[in-house]
Amino acid sequence: MPTVTINQKSLTVPEGTTIIQAAEQLNIEIPRYCYHPGLSIAGSCRMCLVEIEKMPKLQPACNTRVTDGMVVTTQSPKVKEAVSGVLEFLLINHPLDCPVCDQAGECYLQEYYMKFGLHDSRMNENKIKRHKAEVIGPHVILDTERCVLCSRCVRFVREVSRSHEIGIFNRGGQSEIRLLPDQVLDNNYSGNVVDICPVGALTDRDFRFQCRVWYLSKADSVCNGCSRGCNITVEANRQRAHHGEGRRVMRLKPRFNKEVNRWWICDIGRYGYKFIDDPSRLIQPLEKQGDELEPLDWSTAAERAVGRIREAKQRGGAGSIVIVASPQLTNEDLFVTRKFFGVDLGIDQIDFRIPDKNTLSDDDFLLRADRNPNTRGAEAILLDGGGFDLQRIIESASTQSFGLLYLCEQDLVKKLGSEPARRFLGQFDYVIYQGSNENETSGLANLVLPAATYAEVNGTFTNFEGRVQRIHAGIEPLGDSLPAWRVICKLAQTAGFDYGYESAAEVFVELAQTVTEFEGLSYEKIGSEGMKLPETQPVPA
Amino acid sequence: MTSETETTSTEPSQPKELTPRAMLLNVGPSHPAMHGVIRIVTQLEGETVEKCEIEIGYLHRGFEKSCEQGGYNQAVPYTDRLNYVSPLINNFGYVMAVEKLLGIQVTERCEYIRVIMGEISRVTDHLTCVAASAMELGAMTVFLYMIKAREFLWELVEDVTGARLTISYGRVGGVSGDLPDGFKEKALGVFKEVRKVLVEVDKLLTRNRIFVDRTKGVGTISRADAIGYGFTGPVARSVGIDYDVRRDQPYGVYNRLKFEVPLGTRGDNLDRYYVRMQEMEQSLRIAEQALATLPGGAVNVDASGNVIEARDMVDRAKMGQTRGVKQTLVQLSPNLEGLQDPRYKQVVASDKRAVLPAKSNTYGNIEGLMNHFMLIMEGYGIQPPKGEAYACVEGANGELGFYVVSDGTGRPYRVRVRPPCFALMAGVHRMLEGFMMADIVPTFGSINMIAGELDR
Amino acid sequence: MNRRDLNFAERLYLSEVFKGLWLTSGHFFSNMKKHLARQLGFTRIEKGAVTFQYPEERRPFSPRYRSRHRLTQREDGSPRCVACMMCETACPARCIYIVAGEHPDPNIEKYPARFDIDLGVCVFCGFCVEACPEDAIRMDTGIVEIAAYSRKEMIYHIEDLLQ
Amino acid sequence: MIVNIGIELAKVLAVLIGVLNLAAILTWMERKQSAVMQDRIGANRASIFGFRMFGLFQVLADGLKMFVKEDFIPAQGHRFLHGLAPFVAAFFALIGFAAIPFGDTIHLFGREIPLQIIDLNVGILYIFAAMSLGIYGVVLAGWASNNNYAFLGGMRGSSQMFSYEVTIGATILGVLMIFESMSLQQIVRAQGQLLWGIVPKWGVIVQPLGCILFLVAGIAETKRVPFDLPEGESEIIGFFVEYSSMKFGLFMLTDFVETVLIAALVTTLFFGGWQVPYLMADGWHLPGGTLLAWPQWLVAITQVIAYAIKVFFFCWFMLLVRWTLPRFRYDQLMRLGWQMIFPLSILNLLATAVVILLLN
Amino acid sequence: MPELALLTHVQHRNLMTVEEYRQTGGYEALRKVLLEMKPDQVIEEVKKSGLRGRGGAGFPTGMKWSFIPKNSEKPKYMVVNSDESEPGTCKDRVIIEKTPFLLLEGIAISSYAVGSSTCYLYIRGEYYDQAMILKQAIEDAYRHGFLGKNILGSGYNLDVYLHRGAGAYICGEETGLLESLEGKKGWPRLKPPFPAISGLYGCPTCVNNVETLAAVVSIIQNGGDWYAALGTPKNGGTRLFCVSGHVKKPGTYELPMGIPLRSIIYDYAGGMKDDRKLKAVIPGGSSVPILTADEIDVKMDFDSVAAIGSLLGSGGVVVINEDTCMVKALLRIARFYAHESCGQCTPCREGTTWLKKTLQRVYEGDARQAELDQVLSIAFNMMGTTICPLADAAAMPVRSYIQKFRHEFEYHVQHKCCDVKPAVRI
């Protein structure tokens, strides 16, 4: 375990640690372009030069391993001069693109210029003109003029996605990033090259010109795209409503989590946020009147729903009511669902498993075939001893008649196909649909209750490994929609059960006390990295 | 406007004993002398004010809170509207506090410009105040003569800042532009005109018994009270409190300039009039000295003599045709005229972390452009180190202090202003009670309350 | 500071009153003379008033005067603005609304699909001009008459600003 | 008889129109004169078919505006008195002119027509009475408005006018003693005499102190700067604070009518009225005995014009004062009135008496 | 005539076949090594000889060999750097053209010494004829059993593969060469790890220059001490000096280390062409700082040349006479490096181009005086900040030319013409 001293601060680190890693632990910023912890070391940008005692030349911090007794400084005049010199070199052919560049505001050239550069321009030559705004894939646009040739993207496609679409062509001052012949940057992880690009060379077509990054507010969340539960940051524009066609969520960015997704996220998850601000969002309760769905207020809607549930229960007993929850819901939502329907109303026909006719599969990296973020959580909470099997009912195509179906966030038409879905729904006298967006299934319901999306709520998801991870609301629920647990609470209150929850955190406290698998968990323990459920087996894909 | 506290009884049958009752007169906020921004509730015994209560808060913009909503420079327009009669001084006071926080030293020429413009502002402020006091005594002509002089000064201000009132001239690390060509000559000419008006006003008022009767011994306050209430500026000096921030906590280059601090003795309206009249003369004197010793003319830039339009420079640089751009002078939009290369460096501190780069750099090279962006984008901008700073200047009405707290981000964590008028308003009832109803307005006028400063 | 008490003559009001009247009537007659002379066609004699007869006679603005904004144009008449949002960001009044669009020319890339200034909110601080890295917005039109019958009309769109 | 009535009506109309017009023009003059004094231009916007007439139409515009504005009466005010007050003020200001001669008696178509509505032999008392009654307009307005400011204004106005009437009375006494008549026409005629054959025996010559005191008290009577305490527009706004539309207009008009009245009185009592020095009914009697014969009608016209010019000058002078000086305070005004002007006027009276005694 | 180590037998004829070579005593050294010596002994002998790498850096060869791990499980490689691209240098060419088997013998000895049984011979792409000669020679050597399995019955196997480069200066840098050899772009690798630990295909690799390997033969033949005695202390042996430029007899001369530069120019190269005045000398290829005419008394060994601020480099002595415009000369060099920079490291990629552009303007007289200092500063910023020394190679001449001939540069800037040939308008 060598001990290194950086800028007079000492630290003992494991063997093989590089100076840049050690400095990170000491909160000393060493500028870098080519270095990325998830990629191999290129050492070519030369920004991370540091001075090491007894070494005549400056050494790149990214490639120099710490040895015992090493004394490093990042603040000597020599280092400062070298770093600012390198920055100057990087800038001589950099176009004056900040005004049109989406990266402005999160560009390492800008940041390092303020921190390590601050030199006056001495460039008095013409800049080299290169290709601008080339579409190189469905999600990525390339501007070779802005490129600093850090080769992060090249190493990404070589080492992480292993798809080898891009490379560096030409030599010297003419070097540039290009697509390899007959290649398109269209792998499912292509969006990551935008994240790792330290400058504006690779930008996101989806985010292009939608909003300036400095307007964005950030909230830590978890991707709801599959059961991997990649950690993400929901970036929303909450102060300049005229940007991005009025959308609030502007983009999702992966968030580092060593145990789950490291730095990466797949494109399906990355671009799967559009439904949040889609016009199809349900923003108020709706009730079917004739063929049309008519809006009504929450208290009426809750009364209507509770009335129907009571009626169905009176008429056909608890057995005539089926509750279909959704693995899209948070643990808190599911818990309140179970509490209200299962415990307080005594309905034991609660399930969330809907067979999906669409065949989906894993890829070999992050994406999981199960495209729900909380299947594991739903199993832990809802299937806790329950023996009801919805799939059997659906697949048996029985003509058994039921009283009421409470359907959460499940587009049956899409999953089952139109015919089976209609037949299944037809078995019920009354269908209540609770969900965030309008779809064909909601169109078939008698009562529609608007729920908030995951970007609008606090809560937790449990990924396929049983890792419970927190999500934070990045924006307010749209219109009158409410987080699912609040919807249920509202129904419960109308039905005479006042749970008194003020926040998702309170729900979770009770969840942790009630559901055995969650025992001992709390938001504090989960933290930002998540926490695994004890001794659980991963769900087979 | 009418208000009587006691409701008259509706039962006529009971013969009531006649009791003298005080008249309650509600002066303002919709009273012409109260500008709609302040209210004085007076209790009158005949015409004599027995008691009065000052109510502020009719002009509320949330200045201090507003300052926390944007970058450090974005608070400058808010400071314009504190004492809107001498906005330049407010600008400078605020940016000085931020500069203190940042630990940057502005250029000497900039200091001189600040002194000159500050003193011009002070003259406009005093002109307004004396003029308004005179008008409140019915001498409308005096008012217009002085407003005419103020107009000349505002023309100077407009020439320099691009606006008359909402000048937004101060910048952290400097000013938004150098003095225009020919400013000195024009200013000296204007000062001559102003002096002429001051002489006229002096003739019309100073020895006129009606004026003296109306002001002498009126609106007095004791020295102890003035100190106790935290009075500063001309009001404090009229009582004989010998305190002037310019002399006692010198900032800028005031310690290099000669001026006197006029003092009164009795603290009445007449003394305030005297103090203001003499301060105007002193201010003109300071401005003249500063103009005479203003350092630095145009600097020799390493330019080939080419002058190109800003748009051409932008286009060329954008297309990578940067060869030779560095040696070229850029012709700027008139609004930015004062930032042309030869002048730029003289009016702003050489600190890239606080001062926007010269326009030719923004237009012509990537370093400047990035610097420019980093100073404007939200979340970046001027980021003083964590800490706090208080800087004060001698505002037209007294010590104008800004206390700025930084949490290290691009926005002030807290901006607290210590406006002179706020303290004055605390003690003004002492200057009204015991005098006559007719004295309320002139006394109030002689204090020169500016409601923009009372905002909190 | 010398604060001399009034002497007897001054205490009698009259002398000072007449001095004052002399001064003001002096203004009256000299101005009257100038007015008359100008009315009679001697236009080179200076004006008898310091005021301006707006709107026929306009006060000359100094070059730096910040008046209504305009967007500068390229040679083809399109705005030079590239929708970088610097002005929108720098604006302390938040009165600028820009929506960016994709320009077909990759050397321009970005253009303002929408550029609105709510002049009813604008404080004319000039920060937008200072913030513009493209020399695309200027406040040198000399237009100061920006009145309208509704708040909506106070919002100037890109077509208005380009003129 | 009818002809006499016609002539009287014509004179009344002439005076009324003249006075009202002069008052109206004074509103314009006040604007323009103050503007010129203050390096401004003054009102010049009102136009008819593009003719601006240096802003003279502003008077019409004002009048029109006054007429069409809402007439507002405060909810707690006394409706009747509130309405009455401006008329009282205006009426008593106007009737004063009945006794003021604006020219010599002229002979027309064989009739003797005195250029005066009525030549009362106690004319001066009549005017005095009218002016005293005018106070009620102010007091009523102040009281009926149910507004503390108006009330203060009314109180100030009444006490101020009472106080200064005393001085006016005392100074006029001096004039009466010298000219030995209470008929204004007689007083004017008497001022046609020459002292020592050269100096016109105008009131100002024989009563210089009285003249100044009368002028001061007269300005005070008109409630204009520096004696505009009842209005005091920057402090109490005035007794008419609750008035709007033409009722306010009447107060405004009264102000100017009173200005004209005082100017006319000063002219009449101290500046020879319609007299032009050395111009007699038959022509110019220059010092040294030369006679420059003029037709009688020309003399009459000249005298009327001279009278008009004199009145006009004092109007101008009062405006000049109004725009130059600051305002007194209530107590200072009282002190000035009772402790300076009034004793001086008594002194003046005594001195005059002594001189008359000695000379006789 | 001093004693030679390399070109002893090829003064008058080339040894193009094994037979010819063996007639002059060729392959005796290899026999000696394979049959009599242990690899360690070979390394010891080479260390004793004071042989320093002839590629340019002058690293002691014996030491370099000893870095190759003895007990590595991975195969070890010997790589011959014949990518002779330094302007002014043509020594490897001479060896290959005149006595290719000397090289092959040296390869075999060194491979044996470092324990490698595979050798890659990386030859510059432009050396087509030379590559053909080598190809022929390698085939010949295989035929005669000097390569291949069980060489000379010693049980030692060695395969030599000839690999032609594609024309990049940077592939003369050892790690760039390895990358190129692996089929990638010739981008120098980050060090550490050094090739001795992880070189070609991640295996221990020894990269040596042609001249170095050729010299090994005579060291084995005559002993390390003999070789060391040829030169000066710490700078053993002889060296091929490639004299070019304005001399009467340009050519490659094998001369002992430490010989005065003056002697090379005037005694061996025949003095100045047309007897013009000497202005400057580049002592070791275009990438080293230039020497003025006053400095030519320097002894030509690594340490002496370094002591006066230049480098011995690859031994390419370029002689420049008074008619040469130094601005143009520098511009020529700057262009070369801008063209040859691989583009990996920022300072080199951007700096070389920037230098080229600015020097072009200086040459054209379209620059300001201050820009000369700017050029120096740019060059300074480039030095020591990159993976490979190409940036230094580009920056060093710039600094030395401007420092030593500043007046010429200033003349260009001020007069827009050259002071050497003022008549020539630029």
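In order of appearance the chains are A, B, C, D and E, and numbering begins at 1 in each one.
The rule is simple: a residue touches a chain if its C-beta (ideal position, glycine included) is under 8 Å from a C-beta of that chain, and two chains touch if they have at least 3 such contacts.
No experiment lies behind these values; they were computed from the predicted model shown.
Both chain A and chain C are touched by B.
Within the contact network of the assembly, the step distance from chain C to chain E comes to 2.
Look at the CA centroids: the one farthest from the centroid of chain A belongs to D.
Set against the C-alpha centre of chain C, every other chain centre is closer than that of E. When every pair of chains is scored by its C-beta contact pairs, the maximum goes to B-C.
Separating the CA-averaged centres of chain A and chain E is a span of 56 Å.
Note on chain placement: the centre of chain A and the centre of chain D lie 90 Å apart, centres being C-alpha means.
Separating the CA-averaged centres of chain B and chain D is a span of 47 Å. Mean C-alpha position of chain A lies 51 Å from that of chain B. Among the residues of chain D, those in touch with two or more other chains are 37-40, 323-325. Multi-chain contact residues of chain C (touching two or more other chains) are listed as 17, 20, 23-24, 50, 86, 89, 107, 133-134. Residues 1-3, 23-26, 31-33, 47, 134-142, 144-145, 148, 204-205, 208, 210-211, 213-214, 436-441 of chain B touch chain D in their complex.
On chain B, the positions that touch chain A within their shared complex are 314, 317-327, 352-353, 361, 364-374, 377-380.
Residues of chain C that touch chain B in their complex: 1, 3, 6, 10-13, 16-17, 19-20, 23-24, 50, 61-66, 72, 80, 86, 89-90, 92-93, 107, 123-127, 129-131, 133-135, 138-140. Chain A makes touch with chain E in their complex at residues 41-47, 49, 57-58, 60, 63, 81-82, 85-86, 88-90, 92-93, 122-126, 128, 148-149, 168, 170-175.
The touching residues of chain A, when paired with chain B in their complex, are 88, 91, 93-96, 98-99, 104-105, 107, 109-111, 113-114, 117-129, 145, 212, 214-215.
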